[in-house]
Every structure is written in C-alpha cells, then in structure tokens.
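Encoded as structure tokens, the structure appears first; notes follow it.
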C-alpha cells in the first residue's frame, strides 16, 4: 500500500504550484483557478490523514465536505466580482484594478 | 447470453489463477473481458435503436422509413456508419485542433461509462459501486464539459452560442434530476444501483412516488436534448447547435452518443423506479432479469419516442422558466414531503420490515402515494388559478385596447 | 479490498471507453479523402462571410443559471449522506434536513423575486 | 520503495494528472486550456480519493468541481473576454513567485520526509485500520446534535449568502 508521506508530498507540490500561480499570474481568473488548486491540495491532506490515522472518525470526510462548500462559495462570489469589475473597467488584469490603492 | 458470458469470465479468472497465472493478471484480464462485454452491449443496441426510432417516426408521419438496405431496412444504420467512415472530415480554420478532436471522443465515452454501474440481473452488474447514483450524475455532468469544449474549439459564433444555450439547459435540468434521485436513495437507504433494485422487490418506487418518477423522466428528456427540449439542435435558430462544424465520423460520434444517452437514461429509469430486473421467477433463474429489464427499458423508451414525435418544441425562455419556476420548487417540495411522510410512517411502525414482501410495503406506499396525489392536486389547482388570472387579465387588456384603438390593434405587451 | 476491486473495474472501463470512439475515428482517417482547401475550411455561417471575432459578448444571465446550479450541486454533498442515512435517523435529523433545504429554498425565492431567473 | 501493483500504478498516474494539470493551469496563456488543465488536475484528485477509500468524496469531487465549478470558470472566461489579453500572462515578480513556491516546497518536503526517513512508524506506513467509515456514517454524523449539525446548517447559510451575494454583484441593474 502507498505510504502516507507520498500523498502528502503530492499535496505539498500541488499547493506550491497553486502559490506560484497566485503570485505570478496577472489575470484574475487564473488566480482564482490557482486558489482552487490550493484548496484541493488541502483536501488531499484532509482525506489522507483521515484514512491513515482516524478512518472510523467522520472528521476528515466532514471537513472535506465543508471545504467543498467554501470552494464553491469562493468561486461563485469571486467570479461574480471579476465579471462586475470587467463590466466597469473592461479589464481582468489585477494590476489594473487599483482604485483603492494608496 | 450475458449471464453465461459473465459466469464464464468468473470461472475463467479462477481457472487461470489455479493454472498458475498471476492473480493480478487474471483479474485484469477478466475485468477487461467484462468491460468489453458491458461496453459493447449499448453499442450493438444503439444500431438497432436508431432503426427502431426512424421506423417509429416514419409510422407516425405516415411514411415508410428505412426500407432498402437489408430486410425491413434493418441494415440502414450500418450503411450510414460505413458512409460516415468514408466522408471527408473538415477541420474549420482557426479551430483548436487537439480540443476539436477530443470533444467527440469525450461525448461518446461519457455515455459508455454510465453502463459500468447498471445492474442487469441479480448476479450480473459491471461494478456495484457503493456510490452508483452519484457516479451516474458525476459522469453525466462531464457532458456539459464536452458541449463547451466542442462549441469553443470550433471557432464559430453559432457553435459557441449553441454551446452556451445547451449548457444552460443541461445544468438547469440537472438540479431537479438530482433532487428526484434523492427519493430512491432515501427509500432504499443506499446509493448502490444493485441495492436500490433489490429494495424494490416488494414495491416499485414509481408507485410510492410517481412525482419523483415524472420529474426524473422529464428532466432526463431535457438532459438528453429530446423533444420538446431539443433546442440543442434548433435548426431554425442556431443552425445546428454546438456540433455545427463537425463532419464525418466525428459528427457520427455526437449522434451515436446522443442516441445511446437516450437509451441509457431509459435503462436508468427502469432500474431506479420500475424495479430493474425484478419479475416473476427471477430469483430462480437470474438470467430472466435481463429480459425483464429489457422490457421495462423498452416501455420507457417508447414513451420517449412517442413524446418526441408528437410534442412541439419549447422556446428557450419557456424551457428555463419551466425548470426554475416549476420543476425545481416542485422537486424541493416532493423531497420534503417524502422525508416527512417517511418519518411519520416509521414513527407509527408502518415502515416495511421486509423490503421484498408486497404486503409489508403496502402501508407506507399508500401513505406516500396519497402524499404525492395531494401535491399533484395542489399544484394543478395553483396552475388553474394562475391560468384563470392570466385569462382575465388578457381579456381586460383586450377590452381596454379595444376602447383605446377601435380599429382592433393587438395589445402590445 | 472488495471496494478497490469494484473501482479497478471502473478504472479499466475508463481506459477502454476512450478506445471505442477512437477506433472508428482513426479508421476513418485511412478511408476518407484528404483534400482540404481554404474555402472548405471557412467557418460555416450559412454562406455569409464571417464578420469579426468569434468571441461575441454573452449575457450575464448564463452565469447566473450556472451559479444557482452550482449552489444546488454543492447542497447535494450534504443531502446525499443525509438521504442514505435517513431510515436510521430521528425527528431531530428530519428537522435539521428540513432547515437545510429551507435555507436553500430561500435563496431560490430571493433569486425569483429579484427576477434573476428570467431569460431576458 | 513502491512495489509494482495496480494501486501504485494508479497512484503514479493520478499524481501525474494532478501535478501535470496543476502546472498547466499556472503556465498556459490560454485560459480555456487552463480550465481544461484544471479539470484534469481535479480528476486526479478524485482518483486519489478513490485510492483513499472515500468513494463518496470522489464522486462529489467530479460532480462539484468538474461539473459545476469548472463550467462556472469557463463561463466567466467567456463573459470577460479575458482570453484576448494573451500577452503578458505573468507579472514582473514571476521569478520571485517561483522562488517562493520552490522554497516552500523544499521546506514542506523536508517536513514530510525527514520524520519518516528510515523509520517505520504508523505515520510512515500502513493505515491504522482497514475498517473505514461509510457514507451512512457521514450522514449520521452530519445531523447528529453532538457532532456536525451546526456546521451543516451554517454550510447551507453560507451557500445561500454566496448565491444572493453573487447574484447581486454579477447582475447589471441599469
């Protein structure tokens, strides 16, 4: 059977890829997709720890379900904001949205 | 036939292991054979079904239908397939080639994948997943991706517009479909297709919850893009929808996938609401289940054909309003009433203690059926009142406009 | 291990399901003619030459439908376990599920009242 | 290290899906391609859930992420025409971002691997038990007054709030 650390390693790699995407992309939709990747990395960790350490306790699965809810809410509101910003400023490049910048 | 093959496979794997083959390899080979058998079944059936469908439509429209190739035109579909094989395949300029070629493959594969969880007989099912229903919904939801991908990669305005409409329709009707699926799951206490079928031994779920059956059936008509919901291929508005730029066998893949999808949801309706393989004597001779399932599937399929050939097409705003303002609220009410009545019958000790026994299922089924009939009565009454108000408003508007414009100009609204 | 065997079948199925449509498409590549030309490959718009970008502006209404769908879809994450366990649950669980669905129905009613569900 | 069997093959395959899809998401300039890479990556995660004996979560992953969130993202891409801004997909700090990501991964990898280097604790090897909780248990736990009933209702409230908020933001009331 595959050991726990292998799952964790893949999840860590996915998380770092997501971090790189969030920090380096200019397009807001891309950034949102990278955030989804990071949330998925967290989900892998939750389920892997649940399976290996407390497989009879519902905590891992229940929290993964809650992460689904967070991810969905974040995508729904985030994309709505992006659409709204695009409508007003004709751009989805995050650097162009500088109205509140000091 | 199916049964013998599956049994042959089971013994084959055991024999191979006994003969010294690596167990993993033997399992893989037997799984491979099983997959090929289960996946070929819809492929072979769809060739026949296209013929059935065309003959049926021809009869209704007072035509002969295919009658040249083979006896009764039976080989027409084969001839069509051969023709499509030799057609030139055009990739439009500016298309995203890889994705453009990927879309028809997804379209076809997704439908074949659903067959993996369908129970054919008490003993024979591709794979009895514990989350069979969600597997079906999940695989089905990939269908929206295929439409998007096909529409976008064609680099065609009509295709993209058609894809957008199609997706709006597909995702909308997925909501009442999933809500209706909650009812068999609640009654069987399991998401495995085989368990749900087994739990219908005493009483088919269509009798306990006809409304759930109707919601599932109608939303699946929309999911498969069947008339009256066939806006997906509204020739007069969108030319052909998302697959407009496809030609040759790639177009054939979309077509075959669509036909197979219709047949697949007919099977699923039979499994989830019409008792699947249950029938007299099925416990003694499991192979009979295959026949019963086929008969029930055909009943559902002919209902779909009849609707397709007799009902005119909706407009897109009607499709959307019908879903969000009728189907979704109705299915929410159905789920809540079902939960309430099941709770009550359990508290009163009326819940069936033996799922396979007709008599022990009777009290709960009657209560649930009465609940469903009550919902139907209330809904019909609401529709009637609403219709009357509409009619009175229309008449008032007409009278008003007659006064304002004696020439009888139509009331502009 | 029974669980994984069931899924191994699905895995093989996923692998095979791609082969079925791939085979005829690959086969037709050998049979069919290959004579592309510029006119043939033009975007098909009923014979009219195509004007401008394919990327026409879409209505935001499409997004709203997808949004409402997403919310109901995520709701299923909780309703399916609830439905599976329903026969073993008590009145309290019924109340919890009722409240859960009621809150979501609220959102639907709000969207309805705000005319967010109209196809404009 | 890894014995060759069906499970480890599946694990390697899904890992390739996840990481390849993830890299595709953050590097491709075409946002539709990015969304398709995202689907590939999320599909790999669903495969992981199957390997971890959580089939319910795997099915939900496909249903929610691929069937709904990916579609929503593609719709948003279409609505904002963001694909037309193909030039300069990356900002000026992309090398810094790469450095941060790489260093973080090295730290995390060290934290994950060092404790199990040559050890054979439960953490490193086999799961403590093969008896896993089922979907029924999840359903019971979600509406149990002593467990997750409050988060269960709050999740519904959050979804309602998100839906209302997103509708208010996304619509143009002019």
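Here the chain labels run A, B, C and D in written order, and each chain numbers its own residues starting at 1.
What we mean here is this: a contact is a pair of C-beta atoms (placed from the backbone, for glycine too) under 8 Å apart; a residue touches a chain by one contact, two chains touch by 3 or more.
Just so it is clear, the structure is predicted and the values come from calculations on it, not from any experiment.
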Inset, instruction - Specify the chain most distant from chain A by Cα centroid. - result: B
Inset, instruction - By the contact definition above, name the pair with the higher C-beta contact count: C-D or A-D. - result: A-D
Legend entry - Most centrally placed chain, judged by C-alpha centres: C
Legend entry - CA centroid of chain B to CA centroid of chain C, Å: 14
Legend entry - Separation of chain A from chain B, taking each centre as the mean of its C-alpha atoms, in whole Å: 33
Legend entry - Between chain A and chain D, centroid-to-centroid distance (C-alpha), Å: 7
Legend entry - chain A residues counted as touching two or more neighbouring chains: 65, 68-69, 72, 75-76, 79-80, 83
Legend entry - Interface hub residues of chain B, defined as touching at least two other chains: 28, 129-130, 134-135, 137, 160, 164, 167, 171, 174, 189, 191
Legend entry - Where chain D touches two or more other chains at once, by residue number: 6-7, 51, 53, 55-56, 60, 63-64, 67-69, 71-72, 75-76, 78-79, 81, 135-138, 142, 155, 159, 162-163, 166-167, 170, 172
Inset, instruction - By the touch definition up top, name every chain pair that qualifies. - result: A-C, A-D, B-C, B-D, C-D
Legend entry - Complex contact set, residues of chain B against chain C: 27-28, 31-32, 34-36, 38-39, 43, 81, 84-94, 101, 104-105, 107-110, 112-113, 116, 126-130, 133-135, 137, 155-158, 160-161, 164, 167-168, 171-172, 174-175, 178-179, 182, 185-186, 189-191, 239, 244-245, 248-250, 252-253, 316-317, 320-321, 324-325, 328-329, 332, 335-336, 339-340, 342-343, 346-347, 351
Inset, instruction - Mind listing the chain A positions that touch chain C in their complex? - result: 65, 68-69, 72, 75-76, 79-80, 83
Inset, instruction - State the interface residues of chain A toward chain D in the complex, per the touch definition above. - result: 1-10, 12-30, 32-34, 36-37, 40, 43-44, 47-48, 50-58, 61-62, 64-66, 68-73, 75-77, 79-84, 86-87, 91-93, 95
Legend entry - Residues of chain D defined as touching chain A within the complex: 2, 7-8, 11, 15, 18-19, 22-23, 25-26, 31, 34-35, 38, 41-42, 45, 48-49, 51-54, 56-57, 60-61, 64-65, 68-69, 72-73, 75-77, 79-82, 85, 88-91, 93-94, 96-98, 100-102, 104-105, 108-109, 112-113, 116, 122-133, 137-138, 141-142, 147-148, 151, 155, 158-159, 161-163, 165-167, 169-170, 172
Inset, instruction - Quick one: which bits of chain C touch chain A in the complex? Just the residue numbers, please. - result: 60, 63, 67, 70-71, 73-74, 77-78
